[in-house]
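Encoded as structure tokens, here's the structure I'll be asking about.
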Amino acid sequence: MRPSGRAPDEMRAIAIETGFTKHAEGSVLIGFGDTKVLVTASIEERVPPFLRGKGSGWVTGEYSMLPRATHTRGSREAAKGKQSGRTQEIQRLIGRSLRSVTNLEKLGERQITLDCDVIQADGGTRTASISGAWVALRLAVNKLLAEGAIKEDPIEAKIAAISCGIFEGTPVLDLDYAEDSNADADANFVLIEGGRIAEVQATAEGATYDEEGLLRLLRLAQIGCNQIFTAQEAATQ
Amino acid sequence: MRPSGRAPDEMRAIAIETGFTKHAEGSVLIGFGDTKVLVTASIEERVPPFLRGKGSGWVTGEYSMLPRATHTRGSREAAKGKQSGRTQEIQRLIGRSLRSVTNLEKLGERQITLDCDVIQADGGTRTASISGAWVALRLAVNKLLAEGAIKEDPIEAKIAAISCGIFEGTPVLDLDYAEDSNADADANFVLIEGGRIAEVQATAEGATYDEEGLLRLLRLAQIGCNQIFTAQEAATQ
Amino acid sequence: MRPSGRAPDEMRAIAIETGFTKHAEGSVLIGFGDTKVLVTASIEERVPPFLRGKGSGWVTGEYSMLPRATHTRGSREAAKGKQSGRTQEIQRLIGRSLRSVTNLEKLGERQITLDCDVIQADGGTRTASISGAWVALRLAVNKLLAEGAIKEDPIEAKIAAISCGIFEGTPVLDLDYAEDSNADADANFVLIEGGRIAEVQATAEGATYDEEGLLRLLRLAQIGCNQIFTAQEAATQ
Amino acid sequence: MRPSGRAPDEMRAIAIETGFTKHAEGSVLIGFGDTKVLVTASIEERVPPFLRGKGSGWVTGEYSMLPRATHTRGSREAAKGKQSGRTQEIQRLIGRSLRSVTNLEKLGERQITLDCDVIQADGGTRTASISGAWVALRLAVNKLLAEGAIKEDPIEAKIAAISCGIFEGTPVLDLDYAEDSNADADANFVLIEGGRIAEVQATAEGATYDEEGLLRLLRLAQIGCNQIFTAQEAATQ
Amino acid sequence: MRPSGRAPDEMRAIAIETGFTKHAEGSVLIGFGDTKVLVTASIEERVPPFLRGKGSGWVTGEYSMLPRATHTRGSREAAKGKQSGRTQEIQRLIGRSLRSVTNLEKLGERQITLDCDVIQADGGTRTASISGAWVALRLAVNKLLAEGAIKEDPIEAKIAAISCGIFEGTPVLDLDYAEDSNADADANFVLIEGGRIAEVQATAEGATYDEEGLLRLLRLAQIGCNQIFTAQEAATQ
Amino acid sequence: MRPSGRAPDEMRAIAIETGFTKHAEGSVLIGFGDTKVLVTASIEERVPPFLRGKGSGWVTGEYSMLPRATHTRGSREAAKGKQSGRTQEIQRLIGRSLRSVTNLEKLGERQITLDCDVIQADGGTRTASISGAWVALRLAVNKLLAEGAIKEDPIEAKIAAISCGIFEGTPVLDLDYAEDSNADADANFVLIEGGRIAEVQATAEGATYDEEGLLRLLRLAQIGCNQIFTAQEAATQ
């Protein structure tokens, strides 16, 4: 029995509110239940040094938790003077995921930064960030297309992410904090429309699992991501 | 004529939404027009080293802008590895202001941290932060009183802050970004209920002003803070 | 055809030299072909603050590349003043992997640090590090058992890691640098004796793959890890 | 009664010794009683990036305390690896103040840095720094004029700073350390010749004050700054 | 011919002014010609962690150049966020030198920090620092003896330092900046009263030298240090 | 009697293994007894900013200890975020020493970095580093000569380093850790073929010594360096 009473393959409510802030080219408040992340897409007419003059754009991600997004207050990384290993790991994952569905040549020599700031955390902040980042990227790219700054759509497919895990022996979809902190295994899947895999990060904590277990988690993730794709479609119509 | 069409002594709409996030002991989304700041109050049962064992509590503030709160994206301070001088100056001001209306002995040996994270900026982020921080502090202290953790209310009065300036020769109240970036003089006032002054930070930019000019700005600030006190009262009833 | 001429399921030569340095409680030079990593295990009679007084030990990993382990010289992280996101990600993976086969209560209140320093890099440095770290940990724990400092063996199973990927359309085992920099998909598997999975980190680069593709990579990894388990056994007899 | 026996509107002795060191384009040892600050003005033929090619110069300030300028030794900021919020706040104030009386276009594309190093502290180090910085700036600009590097004098007026406060209920001028650490309110005024205000930074500590109190402090500051203007004039004749 | 016209074995004027600042337990402004260093000795009733409870004291040194002590302005180390290798090397030398003539047991569990801040530089700042540090240490220890805080004098001998070098083929004593920047070889000697050596740091720059050359420099250093011992004696009578 | 049973003027076994790693232009594992340092020489076709366009090359050194090179584990400098003063001092010494035997104009506008990573420490790591760095530099320069990238050999002579000290009253050559930690005086000599001195760094620890003592240590160093020159010659034939 899940703490929330959800069925094993039941996601939390997905809420996507576009236009949450006004300055960014794309702005989204995404909620997976009580997890809420503000994602903005910022377009800058420059690329990192290693891409200058090569006719290719760049998509990158940054991630942060507000200090009191969590049950107990965490120190501000700016005050500590460095980003934790966890933060950097998530940032790299966000950028890699969004780039895997973007044609960087079609984007032209510009950079889009996806800032994911967790307003409230209840498990799954990285998967909500990636799923929301796609919406913010879509909105920003729509703006470039509408202005005629780019001719062809550089976004090749939708991408979404979800966590799955083995909780009290049962594979379950979309772990919340109560489950996440007690799961026997925990996996984040980043999936692309059409059944393709962009990333798998699966970790056994305490217990371990086998090939069969990995497949079960992957299939739950496909159920969840299909629901996110639908919500992304609705939010960007 | 002000860019917004406001009268010289007219504030922007004040919006205070309590309970915006669920984990913090106090949580407020405060808006001064398009400026929006999320303020949380976090209670921790410990004090800084210099206060240990002295029977006194502590109130402190932290401040940050989300990278795309502004017209163009700013670098994340956590990524740069240090907080700017401006950030530190504002943090010190927030803490000092809230401590000036708190009886730290009555608070007991605990610390309340007021995290002010600017979601969207349009001028006046530090004054909205201080004004919202009082509400978050009030909510957190109410919780301590309700739980019986403290006996007497340590909050002695309301406190609020507002910016004033001289724009195209006219003293005006509550500068927005369009005014702030072109003002001849810019002053932040932190005022306490009953006509008392906690802080004045007045700077001439380009032009200068005299005693008479300072007084006019102070009187505008009193008009503005009285409206904020009313909104704070309404939000915490 | 692989650049090295290896068959798709053929690993590079595994070389494990124990006792490479004399001060550490466990010291191993592990080679996967031209990739060479010096791993030392250091026992310290203290645990991190969050474990003090709880009767549990800790196993952690650190990772670094010598500046000229690679084709072109990389800057020294100590000179830059911080560890990269990649370094931190690998360190966290090493620690998590080794802890997944260690009973921390049986270890007692002491910490074992596994330092993995890459002497020469040719792809697969993190998987060689994890595989070598198990040997260094085994040697250090043997020393504790021999001295009577602990009664029961805290190591529950062997653990090993290997990378697999899709190179020119073919799933291949144990990517070297020439393959790694051109692979369509790249996955690191951390496996435990007996067919169990500790970690999967699979990334599509450029291309994507599906459930079938993931399974093929996993099966290659099982072939590779079984050979590493045999080499670990031989090195610690 | 003031600890020093001074009258409420009585400043400490002002001592300005020019040419204290030989390399700088302007060099001043300024004393407000026992507070002694060495200020040097350094001319560099370059401007910060945001001003390049715009035909405008820049004036900036830096501030530091020698470790044993104070009663008890303070840690060296260079050893701690960062400047405190207080230091940055003072540095920003010094630069802003001096720029408010300098025509940056007339200065041409060059930067003048005012380094204020506190040799001995007894209250009022920031106000002595600003007052001495004007003298150092004057000497450096005189040198540029004498060499024909600039044609018109970019300095438009004298500027000086002084602290005032409410000590045991009485408004007093030029707080020394004994007063500063016990004052009910503390204000720093930066004033320009002719009765104009450049900056006001007034803080209530413990107590608060009202409009009347603020005016009294401002009037004391005018008395003090007039004496500093006279000393600045004498030192630069 | 030396740029200054001095004879090869002629030192610059040595000036030692005690009591230059008032808070420190020992305070000295030492000049070797135009090189001027302010040295303060600060007594703290605590020792570094590695000495706690061992009945031994500690003597340490810190060193810094004011930004415009030199011909062209140098960046402030506090602003850059770290001390240079040169600064750390000099600090370690100052501490080691002073400890070599101090009986740390007789000092008791307290630390004396010798802060050497270069006000004006013209070559030989580290040797002036060490020579002045002995005077500041002597004054601080005299205070401890006068107060009865310690019974026996922990200072066992005088110590002084001087630079020598080979300038245009001739060994010369006490290099100034004009010589230092063109010397063929440069050596710093730290000598103890009675002909003993505490430290030699000799470097060939461009040229090299042999055993004979090293001895000549050492003999010049003995001449110079004898004069410094006399000046130290006079200053502390 | 020395702990190792060696005669006072007896060095430990010198072992030089070239080609230890494959990517670097020069790669050497040098051993002085149980002290083992991996030195690589990396050629980069760029020079530091201060040399750009001046027709001169640069030779520099970096130094690090692996965390468990020593008896007890030391913290990784990359994790602490800065290099210690000791590390920087040694790095500066390595670079200065190698540059003293290199004609930088003949090297052309390129930089050679000598990375010295201590694999195992038993005293004398800096002297082994310098002695090994010459071999790595020689190999890298041979490569440039063979490729025709430079015409004339920029290396003017061999250079080697050795430590000497006074142990239980006797001057001894090539201190190992057991001696180094108990020596009365400790000196590092960097000598050039033909009896010339590049650097002397001699420190009295506890005891002091005189002119006679310094000469005795220098003569031992000459004996040691002559043996190192022979080993360098053999390794680079």
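We just call them A, B, C, D, E and F in the order they show up, numbering each chain from 1.
By our rule, a residue touches a chain if its C-beta (ideal position, glycine included) is under 8 Å from a C-beta of that chain, and two chains touch if they have at least 3 such contacts.
What you are looking at is a predicted structure, and each value in this text was computed from that prediction instead of being measured.
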Chain pair repeating C-F, as identified from E-F, D-E or A-C when over half of the contact pairs by residue number coincide: D-E
Chain centre separation in whole Å, for subunit E relative to subunit A (CA means): 59
Subunit B-subunit D separation of Cα centroids, rounded to whole Å: 28
Between subunit A and subunit B, centroid-to-centroid distance (C-alpha), Å: 33
Whole-Å separation of chain centres (CA-atom averages), subunit B against subunit C: 51
Where subunit E touches two or more other chains at once, by residue number: 81-82
Ring path (origin subunit C; first step to subunit F): C, F, E, D, B, A
Complex contact set, residues of subunit F against subunit E: 82, 84-86, 88-89, 91-92, 96, 100, 187, 192, 195-205, 208-211, 213-215, 218
Subunit D contact footprint on subunit E (complex, rising order): 21-24, 27, 34, 36, 38, 40, 42, 44, 62, 64, 66-73, 76-83, 87, 113, 115, 117, 119-121
